[in-house]
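One structure, as structure tokens, below. Some questions next.
The first chain written gets the first letter, and so on, giving A, B, C and D; residue counts start at 1 in each chain.
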Amino acid sequence: MSLTLFNVILAVFIAICFVGANAAYLVWCERKGAGLFQRRPGPMENGPWGLLQPPVDGVKLMTKQLLIPGGVDKAIFMVAPVLAMFPALISFVTIPFSDNIVAHPIDVGVLMIFAFAALGGMSLLVAGWGSRNKYSMISSVRAVSQTVAYEIPLMITTITIVMISGSLNLSDIVQTQLGGFWSWNIWPLQKQVGFNLLMPVSFLILFVCSVAETNRAPFDLGEAESELVAGFHTEYSSMGFGLFFMGEYANIVIGACLTVILFLGGWACPVGDLGFFPFTHHVGWFLLKIYLIIFVFIWIRWTFPRTTIYGLLNLSWKYLIPISLFNLLLTAGLLKVF
Amino acid sequence: MKIQEKTKEALAALFPDPPASEPEPDDAEEGEKKPEPRGNGIIEQDYHTRGFHLDAQIEPDQLIEAVRILFDLGYYLEAITGVDWIKDEQLEVVYDFSRYDFDLCRTVIRTRVDRSAPHLPTITPIYTGASWHERETHDFFGIVFDGHPYLVPLLLPEDADFHPLLKDFEA
Amino acid sequence: MTEPITLQQDETFVLNVGPQHPATHGVLRVKMTMDGEYIYNAETVLGYIHRMHEKMAENRTYPQYMPNMGRLDYLSAMSFNHGYALVVERACNIEVPERAEYIRVITVELNRIASHLVWLGAYVLDLGGFTPLMYCFDDREQILDLLEAVTGSRLTYCYFRFGGLYNDIDDDFITGTRAFIKRMRKELKMYAKLVTGNIILMKRLKGHGPVDQNMCQRYGATGPVARGSGINYDVRRNEPYSVYPEFDFEVPVYGEGDSYARYLVRMEEMEQSLRIIEQALDKLPDGPVNPKKKPKLIKPPPGDYYAAVETARGNFGIRMVSDGGKNAYRLKLRSPTYSNMHLFDEACRGMLIADALAFMGSLDLVIPEMDR
Amino acid sequence: MGGYFTDLFTGTKSLLDGMWVTLKEFPRRPVTLNYPHESVKMYPRFRGHIELIGDKDGKPNCIVCSMCQRACPSGCISLAGVKPEGEKKKVLSRYILDFTTCSLCGSCVESCNFNALRFSNEYNLASTRKEDFIMDLLQRLEEQNR
């Protein structure tokens, strides 16, 4: 028991470092990626290829004055950024980075991640409410309806996977997908998924939902800078803003992890287990996969215009939810047959 | 029938008194050179030197009627502007109209009001878009458009009480 | 911070969009009375960069006023140059050499493409897509380089002179422009793929921001706004000036009257402008670019004069009243977005704020031109 | 219902099309110029602020006719000349350009009939002091001669 506790503390510490470094360098990746997608070089002044930009930005954010607008509810105003960061951190506890690197393989890991993801939506509500700013208020109302609309297809798709692997434990879910890419859940032509040809579609749904859950473009209605100035974090400065920013990137990593674990075989090697260097090998594949997914996140962000709130709800209620429900029933039936 | 003639005919109905529209087109320029303002009436202008076709000067109380005629004929309002004829102690308000179709006819309606008490009826019930133009003219010349729903400064600051395009305006 | 809302029984609140807001592209302010995310009423407040250009005209001689034309509409300054040159030429009866007319058309059309490119980029930025802006600016950069080499400035051109031009174009400009046309045709195909066909953009624009013909007439909307509502009105066609009648080009008209129609009109206008430039380059005659005899002192005979040109945003008209002196007695600038923006107040009622701002972007606002 | 699936497919295809466009740009070289480290060559016709043209001896060509001063729309040129004893022509003694109000329209250069004014190629004209933009062009000419 004490070992587990130690494990958790160590994991949280590592997670904080991992998330911190990730957030910082994902910002760099995002800016560099944006630059390259846009025919310009991106950050390049600080250090080679601008690699020193994230620490410099961090220092800037930390040294700036934390402004609290007059008339706000201070407690709520201050707690919102923490709420944005905290669930993402906690969720890392149960993410299996490899067969033996996982802080605490909770048996209901999937549930836990969803529970905390919902809390992330609440942070936006609290931030918008606490700011006493009309733009923030509109933004937070949007964020809540968005969270509600996208949790549902996300859950349904996840239930499909849970049905296939018969476990809520993320490590177990990965275990069922070992062996090359042909045994990943995204691959439809295998007995494991009941030869369900809709598996790639269901992967797409999960992917779209995780983009929407993390408030990324084209679903960044929460901050919608051309309409709502900066949305829920309009009034935040200094590290308050910094925490929102880090929370966003931490959420992206969680979203990518979930996508990879549920559909892309987690830390499994795409061409079957090669056997040598099991440790680096597995972590390496896992990280490669999540960064690939994150690259797609960035790619999408710098390609598409933003949807509107009704466009987003339409997509969710008219397309994603019916299709994912249909897929759930289909999978259930097919699993019974095969 | 070309729209120019049609418009001219329709507008001519505003001038029942034949002598009013007497000045020949040639006299027009002369009329403007003269110190006293030209009389009311319609003049057909040479498009190539002037840039517009019909030029009608009317009384302020005929304005609504004239603008209604043009609206019904399918004209759109280009702009409203003022000219300060300080020597005549008068302000002229010029309404530019043009057409969307290929039957080109630019029409100008102009009317003069006294400089000391510049009042004109608003044409916003007919051309909704006149609202800003009238507010602008009010800003720059101090012409009051009676019946305008919201005659507050548009381009000048909200509390502006000066009219910069008047010739006797000192900054 | 938040004042008590007076319209309590209606449950509305006032959202102050601007003067500093990312979607207003400058210092425009719209006071929106909102019911949730729906706009109950909107009131546009102008004049934040009002500079009284019309008064300046009364204090400056005619040639001295030319630089002001670049400061009105900073995106299509060339068209404004053209309009002012036209009205003074008309008043003083100055003949323009044919070569100068052709070069005028080429530069104006290049400038129109540049203006539409900025609009396209900024519009997609309004809708939340960042990348097209950079591509547009890359393409626009080519135009600016071409025009800079000829006119000496990149944005606020003062290139036209009464009766002619500041200076002649050279062969580099011609080859450069031909290369640009080739490049731009390819880029337009790219934009069609990246932006025009995009389902998100279509869903946001189709059927939103309706402007009908009656509304256009009542407000005097011109340019792409009118053409997007099915009005076939283009000053270059309806009231031909310069050498436009000699070119074969189409005026794109769409009848839907929504934001997407206005979008398509502008995209096609870029193509048509390329066609005009190509033809003008082919037909470009030799000769001087300034008239042989030109009055030393510009003193138009008394009277009033009018000239209109088609800028990237619509019908730009100048009414000039001369008393025979060195300065204009009165000079009225009829700017297109002034009328185009006016219909926003009426048309945006009942829209969602996101759609209203998309609608505002589709009107292609340039605030300095509106405020003058 | 028919539109439901066509919408879905055309929509997805349009999104993929767009992503392909941006992906193609990704590996390409940036088109921008790394400004403080490199800079563009100015075109010969580039309009910087004006400067005086000197003759062979470095004396300004200007004959103090004040045409430029009169042509300037914003009144930013002020010049003065003195008539040395025994000479017919005036000699330029002072030429101040108030660049804060200059709009670079080029009216002055055009109005000059004696080839005494031209545009400079300077574009790095940022400063935090207003006085830096009250330019003594005569002094500038002397510096150029050196």
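As a convention for this text, a contact is a pair of C-beta atoms (placed from the backbone, for glycine too) under 8 Å apart; a residue touches a chain by one contact, two chains touch by 3 or more.
What you are looking at is a predicted structure, and each value in this text was computed from that prediction instead of being measured.
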item	value
Pair joined by the larger number of C-beta contacts - A-C, B-C	B-C
Whole-Å gap separating chain B and chain D, where each centre is the average of the chain's CA atoms	42
Centroid distance [mean C-alpha coordinates] between chain C and chain B, Å	26
Length of the line joining the C-alpha centres of chain A and chain B, rounded to whole Å	64
Residues of chain C engaged with two or more neighbouring chains	131, 135, 138, 194-195, 198, 200
Multi-partner residues of chain D (at least 2 other chains)	15, 18, 21-22, 25, 31
Overlap residues in chain A, where contacts from two or more other chains coincide	37-40, 302-304
Contact pairs between chains, per stated definition	A-C, A-D, B-C, C-D
Parts of chain D lying in touch with chain A, wherever the complex brings them together	4, 8, 15, 18-19, 21-23, 25-28, 30-32, 34
Residues of chain C touching chain A in the complex	1-2, 13, 15, 21-23, 36-37, 124-131, 134-135, 138, 194-195, 198, 200-201, 203-204, 352-355, 357
Footprint of chain C on chain D - complex, ascending	7, 10-12, 14-15, 17-18, 20-22, 25, 31, 43, 45-47, 71-73, 103-107, 110, 119
Contacting residues of chain C [partner chain B, same complex]	46-47, 50, 52, 54-55, 58, 87, 90-91, 93, 216-222, 226, 231-233, 237-239, 301-308, 315, 317, 319, 321, 329-330, 332, 334, 338-339, 342-343, 346, 371-372
Chain D-facing residues of chain A, complex	33, 35-41, 44, 299-300, 302-304, 318-319
